[in-house]
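Letters A, B, C and D mark the chains in the order given here, with residues in each chain numbered from 1 onward.
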Amino acid sequence: MTRPMRGIVHTLRDLARSRPAIRLWMGVLALIVLVALFGPLMAPQDAFAINPLAVLQGPSAAHPLGTDEFGRDLLSRLLIGIRPTMLVALGATAIAAAGGTTLGIFAAYGPNWLGTTIMRGVDVMLSFPPILLALLAVGFWKSGVSSLIIVIGILYIPHFARVAQAATLQVVRQEFIEAEHSMGAPYRRVVATGILPNILSPLVVQATLTLAAAILLESGLSFLGLGIVPPEPSWGQMIGTARGYLGQNPLYVLWPSACLALTVLAINIIGDALRDHLDPRLRQV
Amino acid sequence: MMNLLSLCATAALSALLGSAALAEGSLYFGLSGEPRTLDTKVNAGAPARTIRLAIHRGLLNYGTTGELSPELAESFEVSADALSYTFRLREAKFHDGTPVTAADVKATLDYLTAEASTATYKAELSVIDTIATPDERTVVITLKKPFVPFPHYLALPESAILPASWIAANAETPDAAPIGAGPFRFVTWERGREVVVEKFDGYYKPGKPAVDEIHYVFYGDENTRVNAIRSGDVDIIDYVPWKDAAALEQDPAITLDSVGGPFMMLQFNTKEGPFADPRVRQAVSYAIERSAIINTAFNGRGTPLWGIAVPEGTMGWSEAAANHFSHDPDKAKALLAEAGYPDGFEARLLSTAQYGFHQNTAIAVQAELAKIGIKLTLDLPDWAGRMAKNTAGDYDVLVAGTAGDITDPDWLSNFFYGGETLVRLNNSAWFNDAEINALLDEGRTTLDPAKRAEVYDRFVQRALETSPFVFLMWRDQSFAVRDTVEGFKNLPGFLTFQSGITVEDVVLK
Amino acid sequence: MSPLIALVPVVLRRLGTALLQLLAVATLVFAMLFLLPGDPVMILLGQDSNPTPEAVAALREKLGLDRPIAVQYLDWLGGVLRGDFGRSLANDYPVAQYIAQTLPRTLELAVAAILVAVVIGLPVGIAAALRRGTLADSLLTSATTLGISVPVYILGALLILIFAQGLNWLPASGYTDLSRNALEHFRKLVLPAVTLGLGLAASIARMTRASMLEILGRDFVRTLRAKGMGETQIIWQHVLRSAAIPIVTIVGLQLGNLLGGTVLVEALFNWPGLATMLVKAVGDRDYPMVQGAILTIAAAFILINLAVELIYSLLDPRIRRRRQ
Amino acid sequence: MLKIEGLSIAFRTAEGLRPAVTDMSFEIAPGEILGLVGESGSGKTLMSLAVMGLLPPNAVVTAGRVLDQGTDLLGLPPEALRRRRGAEISMIFQDPIASLDPLYRCGDQVIEAILLHEPIGRRAARARALELFERVRLPDPARAMRAYPHELSGGQCQRVMIAMAIVCRPRIIIADEPTTALDVTVQRQVLDLLRELNREVGAAILLITHDLGVIAQTADRVAVMYQGRMVEEARTADLFARPQQPYTRGLIGAMPQGRQAPGQGLTTVAAAAAGTTRAIALRTPPDPSAPPLLEIRDLDKSYRVPGGLVPGARTVRAVDGVSLSIWPRETLGLVGESGCGKTTLSRLIMRLSEPDSGQMLFAGRDITHLSPKAMVPLRREISMVFQNPYGSLNPRQTVEELVGAPLIIHGEGDAASRQARVARLVEHVGLPRAALSRYPHEFSGGQRQRIVIARALALNPRLVICDEAVSALDLSVQAQVLNLLADLQAEHDLAYLFISHDLSVVEHVSDRIAVMQKGRIVETGPAEAIFAAPRDPYTRALLSAVPRIPGQSARSEETAR
């Protein structure tokens, strides 16, 4: 796996070199990741300390971004709230990528009947609206980071499976796969060295899309009260709650919304650039 | 493309016209949810009651003052032994034009108490022994044993009188189009959207109702509900979210009608874990600063409760009992230590993510109890999930918010009467205290008000000792009413959920 | 042979597959529902009282919930095959009727949203593609990226704040029957449709741009230029027609996704559609309602996808031939 | 008529202008066909696009003029230039199917071209288009009018393109590799058509190609381009008879002409520049009395082709009763046009797909139904060189990994010995040692094919199947690879199954030749015999279609000198 990782790092470096504007967004994303890693250390105050005497205040010296309905410090909650969001997004994307890629490769490289079965199953899963499936699934599991990761991860498996299947079909048609077979290479080797590294770029692009979608889905579920269990904050949940306090403290909804939109924006922009970068047709024109 | 253009044109035109009322004489009532059913015998929640109180009337109901008011019964008499009740019916008509007769009353009560009945108040009404109908307008009900709160149970919306013919036709299909003797006639129930009722000209109160029709529109989301009244989509909303109360108060076109009535409390699993010990439950009561909940989950709109949720001025209330507890973390810690938990413990707190105030109460309680070392993890399923766990006793602590059903102190039975079965919504799981059960039984059957008051004083003392609940606060319960509406009234105390009856007085300006 | 007639066997075969898919969906939903904690009976029996265990048992028997799950499933499936979706556990109302009332509203919202999306997204995408690499392109592209990055509920809340409460131009929420008051009906449709449509417009614009660029790079465009055709005619007569194929696909897919994807917007605007009904039914553990609703959504999704494929093959003569 | 003066074109890059065409000058007279020949990347297509005013946005003309009857086309406003395109200058492209709009009927596309430039009614335009379709000899012109491009063959599409190009009687026609995507017999027809029309219409044709044979057969004069510059211009016959420049000489020498003489390789550009010839190793000739290495008996393979929307699939017999034998150290050439079943046959031999019936014996052993596992050891004996050196190398692996792959798969030796062997192999095929750690995209096509050959030789096979192994390479590179293959055959006693559609190449390398048509072998025999006296009519048609360059003897004289 070190080679694909190195490949990704190289690609990102090339990308940053060829498009200066992307560097800015990579910086934004790096900052967000940094906050996700060290947010709890950066939080100026206890994000869970309730202060009934200072609820829904605007920005002040004590609370640079103001307070929420429990009088908790919004800045601290914002800094902490990114972590479950990112954990869910990354975890779900990892599950979706692993599961979907495996299924997709089997569907395209395995026997015909298996491919048909897998792709029909994928169609079935796609015909469920994701948020409703999540609604049901989160309902019978305990809500929380781990179940969200699993549920959202499973939800996006079909998307990855489709991408992986299409990409694998293209790769399998190429002569170097034929060459491997003609040398007597076992399937294991063909998948590991022939297929996987060569379908990586569409998968990376799909991963950025899934990452963004998972963040939005997590926030949507949290918005419906099915996401992260309070008092643990997450951005989506903060937005959902803050929507009710638009009248009392308009900035309350602004901070998490802006942060969320910025994160998704950064991921989407980098994803777009990656796609352009990895797709030689688009690079030429 | 054309569609969008016409949309834009529509929007622009409407902007010019402003949002005028849709039809003269129509009242739009925004409800906090869609009733699952309009079946009269089941208490299906506040929205269902609100609609049913427009369609149905009982022998008695709670009137605008909060007192029992004679409705289909002009008057009633109680025999000296309190076993026989004689009701005198007034001249009233059902919506199908037939008169309300003694036979209808008998049929209704038989229907509610039938063996297979799923009526919510079947147990209470089953105290009825016989029903006699000496003439068309007279009903004599004999009880098996004295039951002082009996008229109160008859006054509940669930005891509304139905036509005998309707019962004969629809006993098995209670969701059939309802027919009652109330001020409004049922028109349609468009699922997912609204129930429409229209003025019933044959209503027995002269000059009422003054409104041609009422649309009960369902707004499950509280923010949407508030938006609806602020933008004039509806005229009244129930269950005003506490966080929006202040803003609605400031709105010149809207009046906020608030009463203190329902209360918030914690229920406990009294069989397993630390909370089986009354001292731990008392420690919880001492540990929670009530204002922390009121100010955060209810935006300051409530009154602290430091004893048992007995309303002031009713039996069982006393200054001392009402201030039995106080915010005293040291005492709470001492009690914990006494119970064998000097360093606190971990437990589960069940609430629901579906209703903001339930969830926020849980968050505040969690924060408060953390201060004495009780670490609670929140369990926040949806309402149905919470109900299932509640009735299965699958919790350590549970946030509950409710009100008594009737204004008679017997409402306490519903909460404190113990038993071995678990299908109990409002009781702390497995709580069963013989002394409390005996006192509740005594209270029901004691005729003399002075003696009865004494019984309830003793009950309150015992309840404080055993503390199966920790009462947190009286919460304000509000309706928001646009100024075009006159005559709607939020009934005081527990009756706030029956305020829907006052739509018969509503006049639109 | 007319292409439409030639498609009949394909459609029939696809419909057969669709039925199998629906069966899988139904089974999956049924299994998930019974794993969901919560008991419909407890909810049915009322709010503020303590039902007796006998009453609980009686109601359970009456609703048939005491039977083995497999029996309940087969029973339900048999009903569905006969076109009977069963009745709501809560109030005995026919599920099919519920769906008949709510589905058109969701469809209306979805179609209106798509219209908004196409009307905004298509010109933006074309404009961006034709100005590739210019400042206008990067501005438009950034705007579309922003469009898909903002959660729909933030957008919706913002629109309510501005247009309903601030300017008081449009109602914040609700639904009025077309027959009762057409003007009011459309006034109430505007905000939810725009809220949903803006996000979609962003993805349609991106798709249009990418598709246009792809086609512009094809060999035949060079031929058209060599023929002496002007750029405008090349774009409108040839490039757009080729680019339309993937765009039609994405619009169709979005319509399919929208049927279940309106949940948040329906909640936000109190739009009494299928999604609202479904969420409520889940809350009430009203099993027949949930199954009916999800089955309907899945069926609509599959049908729309099928329709998209057919349109696709009608648009593209190559696929008409190539597909099995 | 058309006069190019000092034309220079450059690409705009981040590092500044990178010249692609430098100081090109030539002219074409009406009725004349000027062949512009050059290898890939020589700038010939860019030049033609400049004439049409269709340069890609990142290319600019840095100097020069393009004069059409005295008007500098480069200076015309876009609208004026547009009006000339199609009417006065038209163009024919390489890939005819991709060059037509897939969504419009062929007839409509031609009608559209007429209506763009002439004020006549649609009905008249339709009549004219139909007439043209007849003139370019499309079979069933009425059907072709209604057909979508994908419903016609490549050759038919090219006729449509030609019809479209001549429809407004242009004075100049630019044909950019018009026959490269076509089979040789079709190529012949298209070229004949071009010539014929040229005579009728009297246009000046600029014929751009990499194929010297096509030039020789069609052009009146030839201009040779190399690295963006024009190296030589002459009348066609003169050029082939007396090439002046070393590059031209190398190019002509690199063309396979007739049988390979023992020990004598093809001339390469480098060799021509150095004035030397390239010798190849002498090999031990095959022994026809020995048992054959590979023997194929009555092999059948058919597969189902989906029949479009119409229900029911067609069955295509891709390999139909094929019998062949290959002896050790022998080269068997398998020749046939695209879709004749050559590749299916090679896949069957490699056991990459299963035959329906028949038998295959390798070194006397029946391998027809060996299990994949039992087949593994045999894969050391047979290896394969593929057509597309871009596609047959995994782009994510280094040369060391690529060439070492067979060793790893067959568990040959330890890491150190493998490394040493890979290094030797790489050197053996003429690549520098430094190549080991690089990735395929860092190499040119010819170098990549060397990597493929190194990989094929890694396990010392006895039989190498070369499936269109040199078809994708430029002429000069093709010569190098053919020379390399010959060297390796001598050194390792290899037998080759050499599959190609290019008759000159097959003739050059093969001892014996099998001609395949529609899944069947129509003729087999020694190479000389087949080329001297083809018996089968298909073989004859094939041979007559091959473009020959005049003065074949000139080449031999040149190299012999």
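In this section, contacts are C-beta pairs under 8 Å (C-beta built on N, C-alpha and C of every residue); 3 or more make two chains touch, one makes a residue touch a chain.
Predicted model only: the values in this text are computed from it and were never measured.
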{"item": "Pair with more cross-chain C-beta pairs in contact, given A-B and B-C", "value": "B-C"}
{"item": "Between chain B and chain D, centroid-to-centroid distance (C-alpha), Å", "value": "87"}
{"item": "Centre distance in Å when chain A and chain B are each reduced to the mean of their C-alpha atoms", "value": "44"}
{"item": "Between chain B and chain C, centroid-to-centroid distance (C-alpha), Å", "value": "38"}
{"item": "Inter-centroid spacing, chain D versus chain C (mean Cα positions, whole Å)", "value": "50"}
{"item": "Contacts with two or more other chains, residues of chain B listed in rising order", "value": "354, 381-382, 385"}
{"item": "Two or more partner chains touched - positions in chain C", "value": "36-37, 267, 282"}
{"item": "Multi-partner residues of chain D (at least 2 other chains)", "value": "none"}
{"item": "Which pairs of chains touch, using the document's own definition", "value": "A-B, A-C, A-D, B-C, C-D"}
{"item": "Complex contacts: residues of chain D adjacent to chain C", "value": "52, 54, 79, 82-87, 90-91, 93, 95, 98-104, 112-113, 116-117, 148, 150-151, 161, 164, 306, 308-311, 313"}
{"item": "Contacting residues of chain C [partner chain D, same complex]", "value": "1, 3, 6-7, 9-10, 218-220, 222-230, 238, 241-242, 313, 315-318, 320-324"}
{"item": "Touching residues (chain side chain B, partner chain C) in the complex", "value": "1, 3-4, 6-7, 10-11, 13-15, 18-19, 22, 34, 36-39, 42-45, 116-118, 120-123, 173, 175, 190-193, 217-221, 224-225, 227-228, 230-234, 354, 381-385, 387-389, 391, 402-403, 405, 414, 421, 423-427"}
{"item": "Residues of chain B that touch chain A when the two form their complex", "value": "222-223, 241, 243-244, 246-247, 289, 291-292, 294-297, 299, 353-354, 356, 359-360, 363-364, 366-368, 378-382, 385"}
{"item": "Chain D residues within the chain A interface of the complex", "value": "347, 350, 352, 375-376, 379-380, 382-384, 386-388, 391-397, 401, 405-406, 409-410, 452, 455"}
